[in-house]
Amino acid sequence: MSEPHNPQPQNGDIPRYTGLPTFFRLPFGALSEALDIGIVGVPWDGGTTNRAGTRHGPRELRNASSLIRRVHPVSLISPYDLARVGDLGDVGVNPMDLQDSLAKIEAFYQQLVSQQVLPLTAGGDHLTTLPILRALGKAQPLGLIHFDAHSDTNDSYFGHERFTHGTPFRRAVEEGLIDPRRTVQIGIRGSLFSAHDHAFAAECGITVIPMEQVAARGIDAVMQQARQIVGDLPVYVSFDIDVLDPAFAPGTGTPEIGGLTSLQGQQCIRHLQGLHLVGADVVEVSPPFDQGNLTSLTGATMMFELLCQLADARYRQSSQSTGVKL
Amino acid sequence: MSEPHNPQPQNGDIPRYTGLPTFFRLPFGALSEALDIGIVGVPWDGGTTNRAGTRHGPRELRNASSLIRRVHPVSLISPYDLARVGDLGDVGVNPMDLQDSLAKIEAFYQQLVSQQVLPLTAGGDHLTTLPILRALGKAQPLGLIHFDAHSDTNDSYFGHERFTHGTPFRRAVEEGLIDPRRTVQIGIRGSLFSAHDHAFAAECGITVIPMEQVAARGIDAVMQQARQIVGDLPVYVSFDIDVLDPAFAPGTGTPEIGGLTSLQGQQCIRHLQGLHLVGADVVEVSPPFDQGNLTSLTGATMMFELLCQLADARYRQSSQSTGVKL
Amino acid sequence: MSEPHNPQPQNGDIPRYTGLPTFFRLPFGALSEALDIGIVGVPWDGGTTNRAGTRHGPRELRNASSLIRRVHPVSLISPYDLARVGDLGDVGVNPMDLQDSLAKIEAFYQQLVSQQVLPLTAGGDHLTTLPILRALGKAQPLGLIHFDAHSDTNDSYFGHERFTHGTPFRRAVEEGLIDPRRTVQIGIRGSLFSAHDHAFAAECGITVIPMEQVAARGIDAVMQQARQIVGDLPVYVSFDIDVLDPAFAPGTGTPEIGGLTSLQGQQCIRHLQGLHLVGADVVEVSPPFDQGNLTSLTGATMMFELLCQLADARYRQSSQSTGVKL
Amino acid sequence: MSEPHNPQPQNGDIPRYTGLPTFFRLPFGALSEALDIGIVGVPWDGGTTNRAGTRHGPRELRNASSLIRRVHPVSLISPYDLARVGDLGDVGVNPMDLQDSLAKIEAFYQQLVSQQVLPLTAGGDHLTTLPILRALGKAQPLGLIHFDAHSDTNDSYFGHERFTHGTPFRRAVEEGLIDPRRTVQIGIRGSLFSAHDHAFAAECGITVIPMEQVAARGIDAVMQQARQIVGDLPVYVSFDIDVLDPAFAPGTGTPEIGGLTSLQGQQCIRHLQGLHLVGADVVEVSPPFDQGNLTSLTGATMMFELLCQLADARYRQSSQSTGVKL
Amino acid sequence: MSEPHNPQPQNGDIPRYTGLPTFFRLPFGALSEALDIGIVGVPWDGGTTNRAGTRHGPRELRNASSLIRRVHPVSLISPYDLARVGDLGDVGVNPMDLQDSLAKIEAFYQQLVSQQVLPLTAGGDHLTTLPILRALGKAQPLGLIHFDAHSDTNDSYFGHERFTHGTPFRRAVEEGLIDPRRTVQIGIRGSLFSAHDHAFAAECGITVIPMEQVAARGIDAVMQQARQIVGDLPVYVSFDIDVLDPAFAPGTGTPEIGGLTSLQGQQCIRHLQGLHLVGADVVEVSPPFDQGNLTSLTGATMMFELLCQLADARYRQSSQSTGVKL
Amino acid sequence: MSEPHNPQPQNGDIPRYTGLPTFFRLPFGALSEALDIGIVGVPWDGGTTNRAGTRHGPRELRNASSLIRRVHPVSLISPYDLARVGDLGDVGVNPMDLQDSLAKIEAFYQQLVSQQVLPLTAGGDHLTTLPILRALGKAQPLGLIHFDAHSDTNDSYFGHERFTHGTPFRRAVEEGLIDPRRTVQIGIRGSLFSAHDHAFAAECGITVIPMEQVAARGIDAVMQQARQIVGDLPVYVSFDIDVLDPAFAPGTGTPEIGGLTSLQGQQCIRHLQGLHLVGADVVEVSPPFDQGNLTSLTGATMMFELLCQLADARYRQSSQSTGVKL
């Protein structure tokens, strides 16, 4: 069994606004096999076609995460009792060179894969997810639960740019990193470039659940469908903060009104319990466009929701195996 | 049939934050018979009794509208394929003189009427709607679907001021511009000056659906009722941004908490399909009170929702007729 | 019967942004037996363990309250026709000394009690409620309806600090000021220090209705339960603004995403009609963290909702008794 | 001699953020002969040709003035020891009707004149100064020291509007309210409509000291010249906050970069000592465009600088005369 | 002689906040030989090593430029009477590809060169200046007057990136686009990576006038030196907004405190009169980091200062030649 | 000699917005004799009588300090080459208990004294300086160079509170921690509670150089006088950010207009070279009142200016002695 890991300050012994803002005030350090889950920042927005700023996401997500305590209020999961969690710092990226950055990100996550550490990522723009999937989905295509206002399956921008934050999942399908039949996109909305924007997704078998369906059917039904789509095999979760309505998450580059409430976003993640999770991210938090750190707080809280699920998944995986890691 | 009109940059060939911010990056120019729908700014807040600033609405609505793409995500309507749409610029108003401004606005819209161009207006405060109705409702009283936190049917302010943004619809009834029995007000809420504030509306036959009814009955039921009230005759749609909760639209002069969500606002407009629409406006967006352009984005998106309905209505009207215009 | 009291400017005779911002533009003055309800500011945040700033709450709540008119839009209650209401100013507090401040607050409210004036309070942090309850609950333990993201029943902070804004209701139970079996906490959510954070509440008989229950059961059902819990005996209402989602109330020190909407908050208060209300407060509005005064407006509106209920309760109490006060 | 007047809370006995924000925490009340100086708010921006919002100036200037203590740090003047000062509230204005508002403002100040109370005004836009001068300059034309980025001596706007915040001093000269040869304008800068914008001022004898002269000659030399221009006869001081650089006063409607620092602004006022001052104003503070209340604080501090000079002038006037007032 | 060009609305005939925000409300259109000066936006921040956002500079600079009138207040130059000026729109750039963007920018400006149109550019980050110089300095190396907090002559970033906004002038020297002995950098300050940061500049003959020298010697002396350095030959002016103190220009990516005031910045440009100017830019305005549009207003005003000098230079050049263009 | 210490990332090898925001991206760790200078945060505002928020100062000062590079631009001092510097984290304070916090702060700094580590402190409010002086001035009274808008030598607040951020230097004189004849206060301004506010300072021999003297005499003369006052004996430097004009440092609790520019603030510190410095602080940075992090950036830059002087002083002290530490 995973050794309990108890790094946070106890019950209010010092004010939470003090000290260094690591993620959830966790220990900060290099990757190590002694970890079960590594939290990683990717301070990069080189794939952004419109309003940028997500390069500042990891720092502000860390900052806001100081407000998060130790235990989940509904599941009562304490991730630090189920798994060894650490803040692994930021990937060294290159704001001048898109392909160099993609390579560096993939290399960083390859290390986590080789040490069997589950990644929880703070983006960065959504192109960040592509090199993460290249590392995690190398062995076999992953299932994907993708929360977003946008399908991000466009082919190219500006004539010929195939690597942008609007294209990662088309590339991921093409590269065999995700299994489109085990991929579901939830909360899609916002005006389209053309009536055929979702044709690729439809043709390759991705299930798109647009916002109007979410509103009509409710979170429970939608998430039940999502669980069925991804099944019991390994699944990655990508949470683009713009799936939330901009009233709840104004600090993002391509806001679309009419989205999920924060509570609905939390409910979605709470429905993930029991899945075979292998990693997760929260992306597209853009602090320069935030209002009073609301989006950073929301993003950090969604990261905690995901951390609880990852810790629970890891704990279950460990209990069921005789894995070297445990 | 209306000649397709395809003025916008294609599928992401240049970044959307570049170039001049006309409405939806449409061509900008003078009124012409070659248009089906003209988008007009009325940069004027001379009717505002409280916090002003809507004179800056058109510019920021244009600015935010750059984020809107070409096709509606639910109906898949592309307004530019159904109608010829142009940005007609701003009405030249007079911030020093209320009556002069009312006259100038009416004259501007009278030109659109004479050229059979449907107006979509970006206010401006809600008094703006009165001179628009004077131009559009001259021939016969119009039906009206009015989204607002306030009934705007007060008699006067400050002793004797009968022309303010709190009185336009009383004046419109008195002047025979709208048919009160074909008028419905949706989302009304907020504290009252007296228990009799809505007496005029009730007496003349306006249907008031207050917010607590909207919450209890749901958007579908309310909008079904609204459609029945206005029927098949010509109808104008006025969308005061303060019908939305200030969490979703903080940039307005007289906010009232407890309003619609943005999604509910969108759903309302989506229920208008098939009505005999002759014009629409989005008013009371006040950029100086906005937070991070959220209200401008919301207002621009509501304008796009309305544009899709207007284009669809115009297309249907044209198809069913042998009208000179088409 | 209570003499009607009609202090506000009539139907829009001067703009509402003019003049001094007393609460609801009411007369400002010293406590007097001629009042039924006194509105009091407690500009103090000495109990705050995290982000402070609620010392500025009363001033900004007064400022925002200028936007509120005379009559409730749903109940049509005009509080000023049912009760004599005044703005009693701010309690003189001491930002250097927590215990001195608690004593000064208690003494101030003891005066209201002795003159049978019902208090409506604008905080200030939530520790403010403790000395108010010491004044109001001295004779007999009160029932309590408590809206909050947090239970505020922790034992201590920072090793040994027992008087903080995270502990008032544990102290209130210990001191016999509230009856835990007649106490209900609504909207509780947010990560916990430990899985046992709510053990005290559970053990002493406080009913905790967490946010996920509110979402699942709806406001009507929850408030029906709340009414049954407090019954017909005297009850105090404490409304921590952070019960609302930070999209609706960003200006608070310990925000937790996933909360009530403003409309749900209003609906909660509207369900209180007919209870034996003896006082109420709105606390934890922190203007330095607010965005465009949204939280101040929301707090002021919630105060008006509570004022209508207090006025109605006072009027009913007076009518049913031969009380000296009336 | 003027009876000492000592209305403010003493040396820090309660926190300055508490209580009602009257000007400088002075008593609030009706005009009375018992006063020497009356502070008046004119919450009106009906003369604004561009970005408005100064209607909210008086409230925020009052709010910020709580930070001002009792005694001037350089002159050691305590205005409350030299003169009886009160906050007279706001003039009831009419945002719908420019001429009606001008009449109401003039009537209000006529009362002060008739009771020999010196006015210190918080605007409001600069057209506000015209009706004040109509009241004060009725008997004889006044001298004027006018701090501003703009000369405000244009003839008309929008074709024929002669009463705007860009025209008051041309009207004042035409109406004989000020003596142009005893009028000096300091800090003028900003692009011009035409090379002849200042022709009227030059022709009628107004001395314009543009910003580049202020920078080259220094405050001492400029103010020495200003004193010589106005001489010993009655003089009014009008301080448009936009004379300051927008780094120091961003919250104004027509900012022009390259202006005075706040310290230079203070030095200007400190040079007024000994003049025959009959009134003063601070205008064009527009809170909706302010950043963190910096402009309100600056405006309130400039008002205190002027108050010290007015109190000193009044005290000297009283001492030298056998005037009925004293 | 250049045909007078009079495109702006006359003396206040409509409010300046109305209509489309082209630069200085000039005509918007394609490049043409009929122009003398073309104003160009480069909405691109691909060279930014730190905080980005200047991609939004052109739009907000256009927006703020509406506040600028027709005539310079000190020189009384009206640029539109001396030269034909137009807004040429934005260069189509590629946020995904640095080298592609550099090529596109160079090609755009090559067109202006070939049509003898002087460019006034609104950046964009400072790497923008490199491709502009490639177009303008192709024939012969230009003199350069460079206002900046940073020398921007570093060799590379992030190991090997030679094209960033911290390296353009080293590249320009290496490529022979500017003559280092006719190059002067003014206002340099801010902490250094190493004590040798300015070694390249010193070795190749660039004159660096750091901020402490500007403060000690004054603007007049410094600009006299600058004029001597560049002499009578063609000179380009590059104005990085961060040469100003962040109190005056907060909206920039790499602010350094202790800079010029806005007035000093204006005085610098006013000293350029009579030089052989061939182009100018204002770069590094980053709206997402701006406060209340102050930096955009400042940047637009500096552009107007430069426009007046460019127009004057063009007029003199034309008068002295028999040039085909005139 | 001090062993060179080279902890920062080299010349731009990774973007500066990445990684954890320790002070100047220095190593973070516990106190050790291996250090020469320790940077300490005191996240505490328990002494604040007015607008608080400086408890958040250390975190935002750390955040902003990422923008500072390694070498001083004027002196070319690289502090990390002269001294071993580390980020020692935050003192654990108690927001509930003023005296407990003072004791904890003193104990923390007593450790630095005992290990001969010079402290550079990021406040917190100005009462923070008192316990620091209790630790540093225990052996003998220190000289003090104090930059501030306020003398902070009041006796008490709110009747009897002797320990506030308005009283630390009176207490320090009374407790014999500073030598008043070797104490100088620079930049004092702002309205006074009474004309006698500075009587204590005058009587005990503190030299007060008010802002109007600084403006008249210039920084060079003032700092020359300051150096003479403190002489060659040990001296502490306390820099209250409100000595700067609020245009340059808006984020503070008690702003007073008319202060120093940032450049003047820097020049002041640059004049300290050669003094026997034993510690320094930057206090009263209040992030909740900041605008776009300008004050945090300014405070961090002032800390770097002080760090360069402390490192230089330490290096000189070490070179001149046979001290155990080196």
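By letter and in written order, the chains are A, B, C, D, E and F; residue numbering begins at 1 in each of them.
Definition applied: a residue touches a chain if its C-beta (ideal position, glycine included) is under 8 Å from a C-beta of that chain, and two chains touch if they have at least 3 such contacts.
Just so it is clear, the model here is predicted, and its values are computed rather than measured.
Visitor: Minimal path length between chain E and chain F through chains that touch?
Guide: 1
Visitor: Touching both chain B and chain D: give me those chains, sorted by label.
Guide: C, E
Visitor: Which pair in A-F, E-F or B-D has the same interface as A-C, with over half of the contact pairs matching by residue number?
Guide: Over half of the A-C contact pairs recur in E-F.
Visitor: Select the chain at the greatest separation from chain A, using centres from the mean of Cα atoms.
Guide: D
Visitor: Identify the chain pair with more contacting C-beta pairs: D-E or A-E.
Guide: Result of the comparison of D-E and A-E: D-E.
Visitor: Taking the mean of the CA coordinates per chain, how far is chain D from chain F in Å?
Guide: 39
Visitor: Report the inter-centroid distance (CA atoms only) between chain B and chain F in whole Å.
Guide: Distance between chain centres, rounded to whole Å: 57 Å.
Visitor: Using the touch rule from the top of the page, what residues of chain B touch 2 or more other chains?
Guide: Residue numbers touching two or more other chains: 14-15, 17, 49, 51, 55-56, 95, 157-158, 245, 247, 261, 289, 291.
Visitor: For each chain, which other chains does it touch, given as pairs?
Guide: Pairs of chains that touch one another: A-B, A-C, A-E, A-F, B-C, B-D, B-E, C-D, C-F, D-E, D-F, E-F.
Visitor: Using the touch definition from the top, list the residues of chain A that touch chain B in their complex.
Guide: Interface residues on chain A, with respect to chain B: 49-51, 154, 156-159, 166, 188-195, 197, 210-212, 215, 245-247, 250-251, 254-259, 261, 289-291.
Visitor: In their shared complex, at which residues does chain F touch chain C?
Guide: Chain F residues touching chain C: 45-49, 51-53, 55-56, 94-98, 157-158, 161, 163-164, 288-289.
Visitor: How about chain B: which of its residues touch chain E in the complex?
Guide: 14-15, 17-22, 28, 41, 43, 55-56, 58-59, 62-63, 89-90, 92-93, 95
Visitor: Using the touch definition from the top, list the residues of chain A that touch chain C in their complex.
Guide: For this pair, the touching residues of chain A are 10-17, 67-74, 76, 78, 245, 247-248, 261-263, 266-267, 291-292, 294, 297-298, 301, 304.
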